[in-house]
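Each of the next two complexes has chain A plus one other chain: chain B in the first, chain C in the second.
Right after this comes the complex of A and B.
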């Protein structure tokens, strides 16, 4: 590049070094780093993205920025103490599910049976928690796609559900409501009526959500046909939860491998057709309606009686052995594998996080779509980094 | 591990299905799986027993781990739950669990691995989720998976010293509280 003839001669040369800064024509790929502190990653996740033009050609997901080693912490705690860690350290938006899967595994190991009323209370609070979690998930998609109003609407609706949980256990996010052998508090007087009222008010708002966001032309443009999946592909890459169901594959642990008392309720498993970003969101909305159905039935059927098993020792010591429990969390299947050596503390716990596996399949979902779609795809996986990094 | 499972003897039938009730898909899948394991693995199969929640716990020799995983995958166990290790101070136990969406059969496969110097064949080609599970196991236990396409640390930083979930790991910034009892 010679001197610019249009510039007056006394203007000094540019400070940038000589050279052609355009990429050569045959070089198409370049790297873009997203995160770890990027709002689109829903937490501290780093996506090293290789782009071909506008399209994602390769993706390296780096995690571990919030790793607290839940599994090592647990090895130094007694069995009842662990519950406080599973709902903080793992998936904190669905803390009830984490506590429940740990309790299922530990109760299996310790041979504790749970009273009937406690099972119903567990179902009610986890389904409320599932709705609260899904509201965050679909609301955050609005935030990602430039509809912050929708996020605030969802957040306000979630607030009504979280108040119910606050009323029954005193906490809004980290509940520690479940105990080995039941739950810690009974429902306060009039709580079931307030649950019914809150559910009705939340469900009644869904048509207005549809008007604001789900039927919006911009959202359709951003979501339909993005990251489509067939059931076979979904099973091959290990998809689970709403992502798997959005492909049309009807698989829900509550129905297919029922735990607790889920075989007593009458509910559907909503599925999508194409498995794209749009369907994954719709499946979550439909799932909330089904959750409300389950809660209504549980409130009608709940028996009187004790809500915590008697004679649970303060420091239980199981026989040497192993146990695994899995359940359907809002993000997919979570599991807890406990190994006991006969001591008062778990010898080893392995946490199977749903978000961990969801994020692991992100390259399979995102490669071939544009960078702006990548943010949407991450949003539909609904990753909670506490569950990924543990 | 819960109780030593007796090695299979000749004529050892696991379950005799009732003459009137046809076996469920799970039961049929379990019979077929154990039959295949017995015939194909031979001496590499140490034992099996029914674990918690109907999980079929299979213990194999280290040499038969990869072959057993292939058999388990071929028998319809297409969903991987986890791959992990337990550090028993003198050896590691590598455990792999999965279930099948068709037959609802849950299988837990475990094998004994030396703490150092033994490379485990990878199963990433059988289950795609095994990729990160094996990376995490390598990160936390130092177990090397031979043939893994991209064996890097996952949760701990790249330059981290030691493997934190080993029982003899000493945390330099120790936050471990004293024992109370």
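Right after this comes the complex of A and C.
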């Protein structure tokens, strides 16, 4: 095979020139390849790193090891069937959020209105899922910094929350719980009381977490002042979600562009000050407490009534058009763009995953810090590689 | 060697013991987790399983004698095992059993089965408003089963091949004598049930022929009078006595009926017409719908037209506007206050009227009838401004816009009036509107031994509701005569419970190849609307031989907990891991193949949600490990595997 005739001969085929990572002759830089199967990378992500002594001098993120062609699959499925794919092919640690953003877009496209009770149930399960996702995120940081006990504690707390989701929908990770026009099951008897109890037990353990990990001298040494970020710089590199909030910039779609019924709840947006690894973790812990507040209010206000809109066609065919929906997932803003050509299947779906934008920030955050800090920094970005590659 | 160095080990040891003591009294740092295995949630999503499949079994028939029917329905209802068509029917006619028997070629058995609950199957096959078809689960796939037309098809075979009256199953003869007032559908239904229970029954009818409104009000083009006569003759052969031309209250008093009989069932219906008291309503040429239809149906040839305005948008209004075209009218207009979509008439009636040339005047109400020389010369109509108030309650408001139409006849189809003066002063209680009061579930009145049946008990409703109510009244009469408590252990007739309607509709899924057995609904041929107006022939012409069979094998035979190979699960699966093949010879329906690729399953539960017979469920197997990979291929036998857990997990409907 000769050279590609359509490609001008002077343009290199790779966007990132190899020369950046080649060790210069006069300095002691060297290239090290981390991944794709490195336990600290939170997924199959490959980091081509240029090290100057122990410090990271350059970084290139290589992705695509977990591509499952979500957007193409969706073009061959009917609208209700897509829900089975969004919650496992995209961000599987926050599956409810993915289902919801798809449902928001599809319901907008189809003109379906959701009953009140279903909206509240969606809020409750989604916030529980946000807490479960954050617990994995901060627990994995313990694993990264050599504190596996903390990881197990977080996982045990998450287990209590996942049990709640298992009770309401029968699944623990890939809940296909949302449907177009509502949710598939009502809450089982006594579920709301159990939610209250589980939330209380999880929140009550936070002081002991603090004693074990967050106030630990080692963690302070490993996190404070590491990978600091200013709000201006954060906006420039496209930060969102907890990373943006940790810099002190107050931005949360639930508050600033309320979707569903989030304008009815009273809750705060926790923010940090310096945007370093420590603040990003603290923001997540505070967010869990705010999520618990939202759930408490939702349980108090939840009305009786249907939980699934009736007369939803089994194979809906929306009018030709397009719809976009976005919401705040634990990792930042996710979005779903749907185009219909009037047929029973989406003509096109575009998925905006938060993790993709998070790993794109990694070079800007990690350069200048040591190789051991790099693992922490990846951990605070909390990437789910399924959401990066889709 | 100093004292300190000698003491040092002892001090250390003491400190160690102190520390040990502290540890013993302080709460443990490690957590103890419970040793017992975690309980699975009732909604746990494990591998699929089937509760049962349809396989070489006799067709499902829900049948019981009149005395046992209520118990049977109560039991089935508690188990949530009523087929939707049967629960949707006010008289609980077993349409599924009818379809299964017709599919097996057993038309006459099907006819007799329907007659158990619907005494005039063929008549209802012409004129019923088929509530069963509204809840038919086949409409999730394409079109509902033509249950009503099948009633008629069964009758035609029965009429052609086996003219014999239905058999009397209950051979108990009881000496008590029951009087039934009115030979309409409700009266005949009550008489039929009572005669099957062994009582002597006499039906008193004002007219010279039986049938009630079936012969006096249902237009000729909708119902063949020969069918009514034949079916009622069959009832008479069972032993029901008819006494025609007896007007209770005039020819015989209620007191005398009560004295001569052990119980009296009043099924007199709403037989009076109603005319709105607007200016000019007493002019010549103003009809009430009942009077007009009576004159048309009884061959008195009412002179209307040539331009006719019918007031009212219900079924009766359509009957009047269409009948007027057959009585010499050249222009038939129907004014109604509702808009076209909100008309209370059945859609098929309205479209039939439009085909025949009826002009609909939507959202116009009557204002004044213009009279010349004591005769109707025209009508002034007023435009409707709004029909509902802000809270959605009915509140009719007219605007200032009026129009005048020239016409020679005005027919009011605005409801019916009671004609039960013989009940007044007898002890039966009446409400403020002058309607007789009775217990809604039993039909018993305040007067001992007098029961109401049909429209009198329920208010003017449909024929099948009247028949369903009459069955209840017959049971009450039996209990009254036997001295049993009327309501004990008895449930009111099962109307569609919520679980029939929970599945969303999918009209004509465009994406999938057509559903296997039967194909689309077999439509009954209709006569040419322009011709039938002149000749007066029937609208529906009946199926040619064989079409009924083609329609009946479309029935999915909704049985609870039995797979009927409807293939909905295979279509809804996002991973294409289910393959179902049904085998339908007409005489037998079975599930030939049910293949499930367990490896591909993503446990989304879509198949469980759509399963119309509640047989497919995600079992609560937690550890689905197998020794070999091929074991993950589940065939029909493996899908029917016995369940590990002693108490089966309920699915989302809470079914056992």
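As a convention for this text, the second predicted complex is superposed on the first by the 365 of 390 C-alpha atoms of A that agree within 3 Å, B and C clash if a C-alpha of one lies under 4 Å from a C-alpha of the other, contacts with A are read in each partner's own complex, and residues count from 1 in each chain.
What we mean here is this: contacts are C-beta pairs under 8 Å (C-beta built on N, C-alpha and C of every residue); 3 or more make two chains touch, one makes a residue touch a chain.
In this text, all values refer to a predicted model and were calculated from it rather than measured experimentally.
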{"item": "Touching partner for A:261 - first (chain B), second (chain C), both, neither", "value": "neither"}
{"item": "First (chain B), second (chain C), both or neither touched by A:184", "value": "second"}
{"item": "Partner chain(s) touched by A:203 [first = chain B, second = chain C, both, neither]", "value": "neither"}
{"item": "Residues of chain A touched, compared between chain B and chain C (which is higher)", "value": "B"}
{"item": "Which of chain B and chain C A:251 touches, first, second, both or neither", "value": "first"}
{"item": "First, second, both or neither for A:325, with chain B first and chain C second", "value": "first"}
{"item": "First, second, both or neither for A:84, with chain B first and chain C second", "value": "second"}
{"item": "Touched partner set for A:63, first chain B, second chain C, both or neither", "value": "first"}
{"item": "Partner chain(s) touched by A:167 [first = chain B, second = chain C, both, neither]", "value": "second"}
{"item": "Touched partner set for A:313, first chain B, second chain C, both or neither", "value": "second"}
{"item": "Chain C-contacting residues of chain A that also contact chain B", "value": "315, 344"}
{"item": "Sites on chain A touched by chain C in the complex", "value": "77-78, 80-85, 88, 156, 163, 166-171, 174, 176, 184-185, 188, 310-315, 317, 343-345"}
{"item": "Parts of chain A lying in touch with chain B, wherever the complex brings them together", "value": "63-64, 67, 69, 71-72, 76, 108-109, 235-238, 251, 256-257, 315, 319-326, 333, 335, 337, 339, 344, 347-348, 350, 352, 356-357, 360-361, 364, 389-390"}
{"item": "Interface residues, chain C side, partner chain A - complex", "value": "31, 38, 41-45, 140, 501-502, 504-507, 509-511, 572, 574-575, 602-606, 609-610, 618, 652"}
{"item": "Complex contacts: residues of chain B adjacent to chain A", "value": "1-3, 51-53, 55, 57, 78-82, 84, 86-87, 95, 97, 99, 101, 104, 108, 127-129, 131-132, 140, 153-157, 164-165, 176-177, 181"}
